[in-house]
Every structure is written in C-alpha cells, then in structure tokens.
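One structure follows; several queries about it will come next.
Going in written order, the chains are labelled A, B, C and D, and every chain counts its residues from 1.
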C-alpha cells in the first residue's frame, strides 16, 4: 500500500504558488474542499486560475478566495449568486471563461484518462465554439475541446483511506471524481479517514492511484444554498 | 421507477436477429453473460458480429456460439485459448478484427456517452492505425477511433434491481459497465435481483437508465480459466 | 385567458410519457414534476448527479449532500442513484435522457434557442443548458410568449447569443403550444380563451395556422 | 553465466522504486513481483480492473470473480480496489501507472517493440499491450536476448509487426541490461560471467559500449 496521508491541510497545500491553475470539486457549495480553500485563503497565494463549476457565494467556497483577490481567472459553467464576483468581473479585474457544464466535466475526465481532446456537440453554433475546430460525424456537428492542464486538483470526499481511495456521498460527488488525477497533484480531503482495508474494494469510487495527498478535514460546515422543504401533512 | 425487469432470458434476447452487432461483457470467462449466451446458442441466430474482449474457450462463453457457426465476425483484443476459433479464423470462415484493449473499452464508453470518436495513442505507428486518421497533440501522436455502433449489449452483473441499477463484483466488472447504454438495447443479467430500494443509491455502478432489460440468471457456472493457488505453509 | 406558470407546467406534463427519463430546467420546468400523471412511470434526472429525484425533504430532513441542479435540497425515490458529472452528461449526451424541458429568453422559428446571456448584463453562465440542447432528441421549451416589455420571444432569428442551434422541437407558452417545423412555428393549441389573433400578435416569427386550432385540454 | 527467467525478474525488481504503481505483463514480468524489496511500497495494477494485487489464493479460496489479466486467480491486499476497463486504461493512458514491464519478441534500437503478431501464425491479439506501450513513461522489456533459433531479438529494425514505436526505455535480458538511446542500445550491465563479446555477438542492433561494463549486482 502506497501511503498518501499527510499530516494536515498545511502539508496538503504545500507547493501551491502564485499563478498556478487549480481545480476545485463541488457543485454550488455541495462537495467543495472547504478545508483546502480555507488554507489557500490563509496562504495568501495569488493569481490563481480556478477550474470549478461554480464560484461559491460571497462569504463561502471560492467566494472567500475571490474576496481576497487571489483569483485571476475562473473557468466555470455557472457563476451566479455572488456579488463580489460580479463586481470584479464587470470591472475587468477578474477574467471569466464560461463553458458548458458537460464540457467542463469531460475536459477533466480527458486529463485524468490521458486523452488530449474530445469532440462534444455542446456549444456548436454558439459563441462558445468561436475559434474552435468543429467537425461533422454522421451528420451532426461537434466542437473539439481540449483536456485541462492543471497544477493542483482539490477534491472533497466522504470517506477515504491512507491509500488514497475515495468514496463520495450523494450529489456531493459531482465533479470531484472527474478531477482526481486530472492535475499534476491531486489533494483529497475527506470527512472521515478510515483504516486501510476498511473500504470495500468493490465500492471505491476513486482508486488511490489518482490521489497524491489525503487528509481528514478538521470540520465541515456543509452550507446549504437553497433550503427547500415541504411541510409534514 | 421505470421497470426494466423481464420474465426471463427468452424475453431478454427478444429481437436479436441475424447479422446484428452484439456486445458481450467479460474478461476471459470472468463476468460473461452466461445465460444470454446460452439462449442465443439455442435461438440459432446467425451472422453475428460480436464485440467482446475475448472469444471464450472451446466449450464455454462465446466459444459456444462459435462452435455453432453463429458468429461472422469478432472484434476483440485477445483471442487465444480456443482451437475452434483458430480453425475458423485460419480457414477464413470467421472475420477477426483485433484492436487494443483500452481502445475497445473507450469505443464502448464513447458510444455510451455520446462521443462520436476519441483520440488514443494506442496503436499509433502499428498496423492497427493503418487507414485511420492520426494527429499530433503536444508532440505526441494519436489515432482517431470511432464509437461502436451495436444493436445489443449483453452484460452480467452481481446484483441488480428492477429499475435496472447494477452492481458488479471484483474483476468480473471489466467491460460490463462500459457496454451498458453503448448499444440500442442493453440486456443485463444478474446473479441476484434484489427489491428496488435495497441497493444503496451511492454504491450503484451503473444507473438503470443505461439498461433496457434485466433478469436474474437461472444459474452461473463461473468457470475459472487459470486456477492458480499457493500452498498453506 | 393566458396560462400562469403552473398552467404551462400542467400542459407540458401531458408530453411526458410512460418510461421517460426527464431532465427539468430551473423555473417553470421544475413545476412540471408536480403535474405528471401518477399512473405512468417517469424518472427525473438532475445533471449535478442524481437519477430518481423525489419531492423536497420534510423540514429538518434536508441534507447538504443531496441537492438538485438548482441547488435545492431534495429527496430520492426507491431505485435512485448518484453518479459523477461525467457520467451525468453521458446520460444526456448519449441520449439516454428522453426529454429535456427548459426555459428560454428567445426561440427562433428554425429551432435556435437563446437562454444564457444578455450582452451588457451580468452573465451567470450556461450551466448544463448547452449540453442539454445539443444532445437531447426531444426538447420542449417552457416560457412566457412575450417578455416583460411585451416583445415576442418567438422570433424569426434570435437576437441574443445562442445556447444551441436548430434543437427546439416544441414550445409551450402562456398562450399556445407550438411545434417548430421547417417553415416556422406551427400553432397546435391555444390557451383557453386565447384567440389565434392574440397569438399571432405576440409572435414575431412565422406562425403557421392550419385549420381550426383547438384549445388546450388541461 | 546467462540468467534464467527468475534471474531476469530479480534484476528488474531492482528498477521498481518506492511509491511505484506497476503493471506487469504475462510471463517473466509476472515473476518480478516475487523479488521486489519488501521495505518499499509498491502496488500492482492489472488492466482487467484491479489495483493492489496480492499473491495467489490459498487452495480452496479461489474466486472466479477475482483474476488478473493473465486470467489467473489472485488475491488483493488491504487498500485494493476494483474498477471497470475504461477506468483501468485511464490509469494507464493517463500515466498514473509509473512502470510497465512486459515481454517482447523483438526490440529495435530506436525503442520500437514487437510482441503481438507473427505473420502466418495464429495471432492471439495485442490485449492491452498497445495501450501500455503507447502510454507508459517508463517501459522495461523483459526477454531472452535471442530467440529459440539463436537469433538476436535486439535489432536495428523490428521485422515483425510493431506493438509500439520508440517507446522502450530499458531492456533486461538473460545476458545484459541495456538502455535505449538515440544512437542505439547502450550496454549498462553484464550478467554474471557473461562477456561484452558474448553480448555483442547476440545483439544485431547497434551496441554502445562505453568504458568498463559492470556485472549485475543481484
């Protein structure tokens, strides 16, 4: 067993430096690497290009990094719900590249799986395809989209072990598995680090080979963005 | 819940007709759809093009279909261990297309995921790439390989439910998940069909949306090809 | 009388057939789930990674780890499954999802749709909409027939940046049900009490009216 | 004295470093696992879908559902995982597997390898070999220096159909350890008691001999 466990979040983010490209798992605030983000805020690292489906909210998630002006560029599919983001974007302080959500997922998967690029129908005929190669297969048009190249991927799982094996929970899974192994170094934080051998080999979502560092997060706020409920009848 | 359960193997193979293209999960004899194969042998269907990593052995797996001359063409990565196969191949009775194993997996996945083709480095500079488009990305050469087009995919899982959800066991997983949804109709056979709701939604390998028909196989021989053991000391 | 949002959702629900996997966009489409007949089997997919969505949770039972693409807390029904984003879009791109229902700012008579960007305004992004419209075989747009300024949203050509080209098959608005055909918007049904003239007036694109147009049966 | 198969495996085992994920081909490569130092952490991957392979099972504990790519029954070690074929080749193609050790029929001095097909004979197929050699950053070939007819397997150009081009980095044979360089096979080590002349005689391709060539330290 190859041991990926690091002592804590400080060791986990070691090597992140100005102007790097980092991936962050999560959909909205669900399944985001809360502890890594907090440590990056403290570290003061600047000029980051962040690949993340969303950009957090004003006071949580990647919004915390935005607030400290640590992000140079966001590559996302949806960036609402964030006033500071809007201000920086409209002022030109922040560069934003919006791409289709499925394209984002697949550009991660391509990087993970060693594919240089993929042909996807998403965005054909729209401004997303401008300047990109397009091609017909069987009468349908596709856009060539390239694998991401990132320095770090920060992901969050539910359970994990020192071998780097990960299990996600519910829809907090989202982009996290696709980002594992899609950057030079993948840092996984988990709610619970269990002894090696405890996870069923058959039920591991991401094998440890895709993970370079793993640690148990100190605490998880797991904030809910849209609390929708129904009344008991 | 959309119900995919069929009464048995006869209903499961309904619609398979001469000269169709069928995918079969399994690696060697591990994880092969034993019951579907047996029913196809009985059905007498002919002229099949089979996409399967291997071709079974003389008296089991796809070897049974070969023996009855029901297969016109095999698309596989490795076809050893089968005398009848060798005889039919050398006599020209059987057409064989050998492709790299990772390419086979990814051409299934492309069909499942709606990608028309993928660029893979496997086979570049070899006869596998002859007549195919090649292309350089970042100084490395790739071959364009197209998604499979199949009529039926026959897969075998460990557990499943009437919603079509599947869980595989050990290395019997192999190509089975990648073939689900990669053909017009996916037929899954399982060792155990459990009540809907019993499988943990978090631990399902293949969601039911990729499966059109599911049934519990009558029995599984699960033959071992290379029984390797060590002595207790 | 023109339909309200629930009326539009109710009419669209009639398009949902037994055995369909359906992806519902944010807004009016979300309401469709409330009106699907309960004698048919339908499963709802959300692109953030869940199939088999159920109703909102009871108060106190919300789980931050179980949400839909609108970031709302949800529940799942028996037979549900969770999966990653790549697999989620495999379902969509691979056309395993049968029907996509989504809102729009504009639809053109050739089936083009614009629903993600207004130049000069803050752009939130396309989310999964571009993947959905480029992939789905069956796309129904749910929207008001005109915008807040009273201008038609059914146009000869979209004026806003496109989300997808030639992909919309059917449109259900507060005034009408229309099919996108090679020669324009074919009027299929009128909202109760709404006249063909009302619809014609609210439609900038080519409107095809053949024979008597029935009222919607809700 | 030329090495036997176990000797070759033993020498290759010294190339396996702490923290390596390793894919072992069928034949001599499989034996390498027996000789890896046990004070380092190494995990073995098999392309049929397992990471963290252990030894063969005890008699009576074989499981048809747990095999390696050679279709042999195996066991797994704590921390192991199972996965599908697409993910398995993601590990390989994505260069997450650090080292690939495989056999060959021929290796050329430019790093080309041929190990899957002999024209005119029954062809069994390439299995995962073409993916492995096209993807791995670090490929070691384990083979006898000459074939059964006594002909060299280290050639100027491969005569058999290729498995991959310019990919082999190192070769360990019964006679020598060689590195593939821009100018040919660079001799690094001799098997115990084997002379440079012996190696030269058995090598058809360009052999580069610089200075004194040490004997292998096994």
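In the analysis below, a residue touches a chain if its C-beta (ideal position, glycine included) is under 8 Å from a C-beta of that chain, and two chains touch if they have at least 3 such contacts.
Small disclaimer: the values here were computed from a predicted structure and weren't measured.
When the partners of chain B are compared with those of chain C, the chains appearing in both lists are A. For chain C, the chain whose average C-alpha position is most distant is D. Between chain A and chain D the centroid-to-centroid distance comes to 36 Å (mean Cα coordinates, whole Å). Centroids of chain B and chain D (each the mean of its C-alpha atoms) stand 28 Å apart.
Chain C and chain D have centres, each the mean of its CA atoms, that are 56 Å apart.
Counting only residues that touch two or more partner chains, chain D has 50, 82-83, 86, 89, 92-93, 135. Counting partners per residue, chain A has 109, 114-115, 120-121, 168-170, 201-202 as the residues that reach two or more other chains. Remark: the chains found to touch one another pair up as A-B, A-C, A-D, B-C, B-D.
Chain B makes touch with chain D in their complex at residues 27-31, 53, 76-80, 86, 89-90, 98, 100-106, 108-109, 120-128, 158, 168-178, 205, 222-232. Every residue of chain A that touches chain B in the complex is listed here, in rising order: 114-121, 137-138, 140, 142, 146, 167-170, 201-203. Every residue of chain C that touches chain A in the complex is listed here, in rising order: 46-50, 55-74, 82-86, 88-89, 92-93, 112, 122-131, 134-135, 161-166. Those residues of chain D that touch chain A in the shared complex are 19, 21, 41-43, 45, 50-52, 76-83, 86-87, 89-97, 135. Across the interface of their complex, chain D is touched by residues 1-3, 109, 111-115, 161-163, 165, 181, 196-197, 201-202, 204, 207-210 of chain A.
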